[in-house]
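To keep things clear, I will list the structure first and then write my remarks on it.
Chain naming follows the written order as A, B, C and D, and within any one chain the residues start at number 1.
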Amino acid sequence: MRRSLVNDPDDLVVEALEGLALAHPTLVRYDAEHGFVARATPARDKVGLVSGGGSGHEPLHAGFVGHGMLDVAVPGAVFASPTALQLYDATRAADAGRGVLHIVKNYTGDVINFTVARELADEDDDIATEVVLVDDDLATEADDDDPDAPGRRGTAAVVAVEKICGAAAEEGADLGTLAELGRRVAGRARSMAFAIEAGTHPGDSRPAFDLEADEVELGVGIHGERGRSRVPFGPADELVARLVDPLLEALRPARGSGVIAIVNGLGSTYPLELRAAARAVHRGVTGRGVGVDRFLVGSYVTSLDMHGVSVTLLPSDDELLRLWDAPVRTPALTW
Amino acid sequence: MRRSLVNDPDDLVVEALEGLALAHPTLVRYDAEHGFVARATPARDKVGLVSGGGSGHEPLHAGFVGHGMLDVAVPGAVFASPTALQLYDATRAADAGRGVLHIVKNYTGDVINFTVARELADEDDDIATEVVLVDDDLATEADDDDPDAPGRRGTAAVVAVEKICGAAAEEGADLGTLAELGRRVAGRARSMAFAIEAGTHPGDSRPAFDLEADEVELGVGIHGERGRSRVPFGPADELVARLVDPLLEALRPARGSGVIAIVNGLGSTYPLELRAAARAVHRGVTGRGVGVDRFLVGSYVTSLDMHGVSVTLLPSDDELLRLWDAPVRTPALTW
Amino acid sequence: MNARDTALDPGFGERWTRAMITAFVAEADRLGELDRLAGDGDFGRNLTSAFGRVSQEVAAADPTTYAAWLTCVSRGFLGTGGTSGPLFGMFFRELARCADGDEPTVAELGQGLAAGLATVQRYGKAEVGHKTMVDALAPAVDALTSSGGSLRDAAEAADEGARSTAEIIARRGRASYVGEASRGVLDPGAVAMAMVLALAADAAG
Amino acid sequence: MNARDTALDPGFGERWTRAMITAFVAEADRLGELDRLAGDGDFGRNLTSAFGRVSQEVAAADPTTYAAWLTCVSRGFLGTGGTSGPLFGMFFRELARCADGDEPTVAELGQGLAAGLATVQRYGKAEVGHKTMVDALAPAVDALTSSGGSLRDAAEAADEGARSTAEIIARRGRASYVGEASRGVLDPGAVAMAMVLALAADAAG
């Protein structure tokens, strides 16, 4: 039996956004009328960065609003895209005269609603916009070349895109440069996840899917959907290898090169587990002669209380590392 | 059925410490030989701050090692005190010639082992030490005056003690001043927690205790022990009120005064829940005419994957707020 | 001057909008049930929420022209989730923009519907036969433009197109995930689109 | 010169330490079982781990004097968890410090035991009758100091004290949480303390 700490599940997202703003009044404000979270003090003379998507993935995206990352984050209902109007209002709020970059995880609803918002912003307000589509989830790489296939899902690589583009925007990069940079990051990064327990919708009493004691769901997404396959439960190091090996296989980083690695808890993975998983990822990567140049370990892109881990690898270079290291000051990421 | 992401449960703590150090190489290092976590770059010419206790409460304490907080953190096995020798070695490592402050949560094993370590450090190394005992858990306040009662348990207020003493130490405060300051914080702060699901020992398949669907454990500690009473399950706002009301009752802050509030997830509480709980706490406190001067919301003092929330209230004053706001740079807390 | 180039009776935009509010709130459950049978079941709630917003927009904007009324409908949908929200929202946006004067002519409506179809297809990439709102909208556009028919003809073509969706399996939207199970079930978006056209014909008188 | 003021035979510290390593590793399970019956069950593991560390310390320090041998025992316990770790650790630390020369005299051992008792009580706040190691240690100190007895007398007093713990309920340590359930069970810490004294008497010859 699973229970959530909620009042009316329909109010949860809004109450949580109010709570976030109360906890970080110097960093963010929640605009209840328009349904977005913006910096407490709007930035000037830079390209605005907007991201958004369904709720249930916290701290994504509202936790990344602040200096060095997003200007505005737009939350939908749990696992549902924000609406086109929310995104349009957010785009207007984020524009400081130098245009707005949309960072969009690849899900049909998100893609359509962001596209509509850009069209409205262009036609009605003459705001220049660009989009970076984040599609890093290796588990959903199409096996054939079905032109109708929705393509890889967007998952934790979105944090790297937001961080790196956020730093470049702060430095004054223009819209076109940011879009190119974001696409470079998104194009390189790949992720993969497994779950040993599914997440539970607030108010439900059962997880989204059941697993037997000897099963692990490999290639899970972040919306309660099933993964690509089931593999036997086993020691953490073995399970982590099932993520790291295919990622290295897909990316084929050269020996002597380096990556930015993100080891991400999916919701209820606790720090002892996550840190031990980080160790396993580090050994897996360095064991192939590839350096872990930067290492982000924590629960950043979650699926309610899903119990599991995702690993993201992003081959690095000097520019990416410099932007990664640039100062950031948001509710969920500060350095 | 519960499962953990582990290799051999006996190796979990050490593997996690290695993972922590790999994730934050610029902030901390793990000294495997002596069993502690220290700053990557030792501080000079300041009083050393050492804390520690059983593992399973991450990010406490190792996540708070760094500029503006601890110098050394000493982890025991899961829910078990570190040993006297570990604490002694840590005390020697933390000493930069101006003495060492021990910040100790009130549990018999921790108290004895820290005391032994101070005695060894004094007798064998002539290191001046002081101790701040943190005993904030209102749920364990003795009803009678049994002289043998172990007193209130130490829980999340330890984060405030470490943050505030850490800032003062960085400013150059001497050992006696720090001890007094820490005791003032510990003496004022009170906490209380509830759980809607107990934590599960790594490797176990069942939580430490069972709860019926209509029950909540009120007054839980962080070691899998039962709480003080069971109350009916209900909306989050009602459950949160069962923490806030007795805390305000005990502290009786004057109308117009303010508090530093910590809303803390106990392990698997996910951000939507925690933020909504933060909103409820904020309303509960401000509804009594008391301001929330500072607000820390996150999972900082956990009990493996326990599902629940603790609330800590610390009546504030200008000095405490100044020290709270001072810069801090640790794996789990940075501003 | 051809009847197609005469503006529709004053108040057409208002009559059409009000009729849609009434009809869709009444039919939301039935349409939601179709989405439950072969989709993800949220279409009814999406419609209720869209027209709730339409009513709010009307109250706030106090529209007087056709364009202003239809803009309220567009914004209602654009403030709603699902796939149908942005698709209907941009569809009605094209319709709102089709009139030069206070009320559109039938020819302008035809151009608006054609632009709306193009927009829906640009976003949704659905062709006729993919079991979507396009299956109702495309024949209606055809009836009104290429075939030079009346609004009533267009509504009838849309109705026929919507009925045809029962026999096919979905290739777009959530219903495409259920494959064969969608056969035998009408596509709720197509049925809704047919209703939109029937209500337009009614409102035109 | 009184026999009490003659240093014990050379090698006493080494014989005693080695005997403790052997005996406690052999008896760990039995003592752990007592802690399982009325405590939290970890005393056996704590002992195994403590004497594992003692062996490591011996290997690393290569002790030659009594003080050095007993310091290894002390450090073994101080590097071990539980309540017994620091209590035994500080107890043996006092014993390590009691000798002026290479080996202690019986009188010095008596003073060491008395200091050890004081330390254990300072940390643990247990009195005789609280069902702890104090119930074995206090009578041994008494036999050796106030009563002027031999090491063997002290060991016998400790043994008797340990036996007496069966009849009482615990007032200190984890066993105090189980209340009446601890009655009838020997206190493992007291039994261990009695073993320590018996092995000392054996080693003294």
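The rule is simple: a residue touches a chain if its C-beta (ideal position, glycine included) is under 8 Å from a C-beta of that chain, and two chains touch if they have at least 3 such contacts.
Predicted model, so just to flag it, every value in this text is computed and none were measured.
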Interchain centroid distance [CA atoms averaged], chain A/chain B, Å: 29
Distance between chain centroids, defined by C-alpha means - chain A, chain C (Å): 34
Interchain centroid distance [CA atoms averaged], chain B/chain C, Å: 58
Separation of chain C from chain D, taking each centre as the mean of its C-alpha atoms, in whole Å: 88
Junction residues of chain A - those touching two or more other chains: none
Chain contact topology (line, ring, star, complete or other): line
Contacting chain pairs - touch in the sense defined above: A-B, A-C, B-D
Parts of chain A lying in touch with chain B, wherever the complex brings them together: 1, 3-8, 12-13, 15-20, 22-23, 25, 55-56, 58-59, 63, 78, 196-197, 202, 205, 213, 233, 235-237, 239, 263, 267-279, 282, 292, 295-297, 302, 304-305, 307-309, 329, 334-335
Chain D residues within the chain B interface of the complex: 75, 78-83, 85-87, 89-90, 123-125, 171
Of chain B, residues touching chain D in the complex: 76-77, 80-86, 88, 108-109, 112-113, 115-116, 119-120, 148
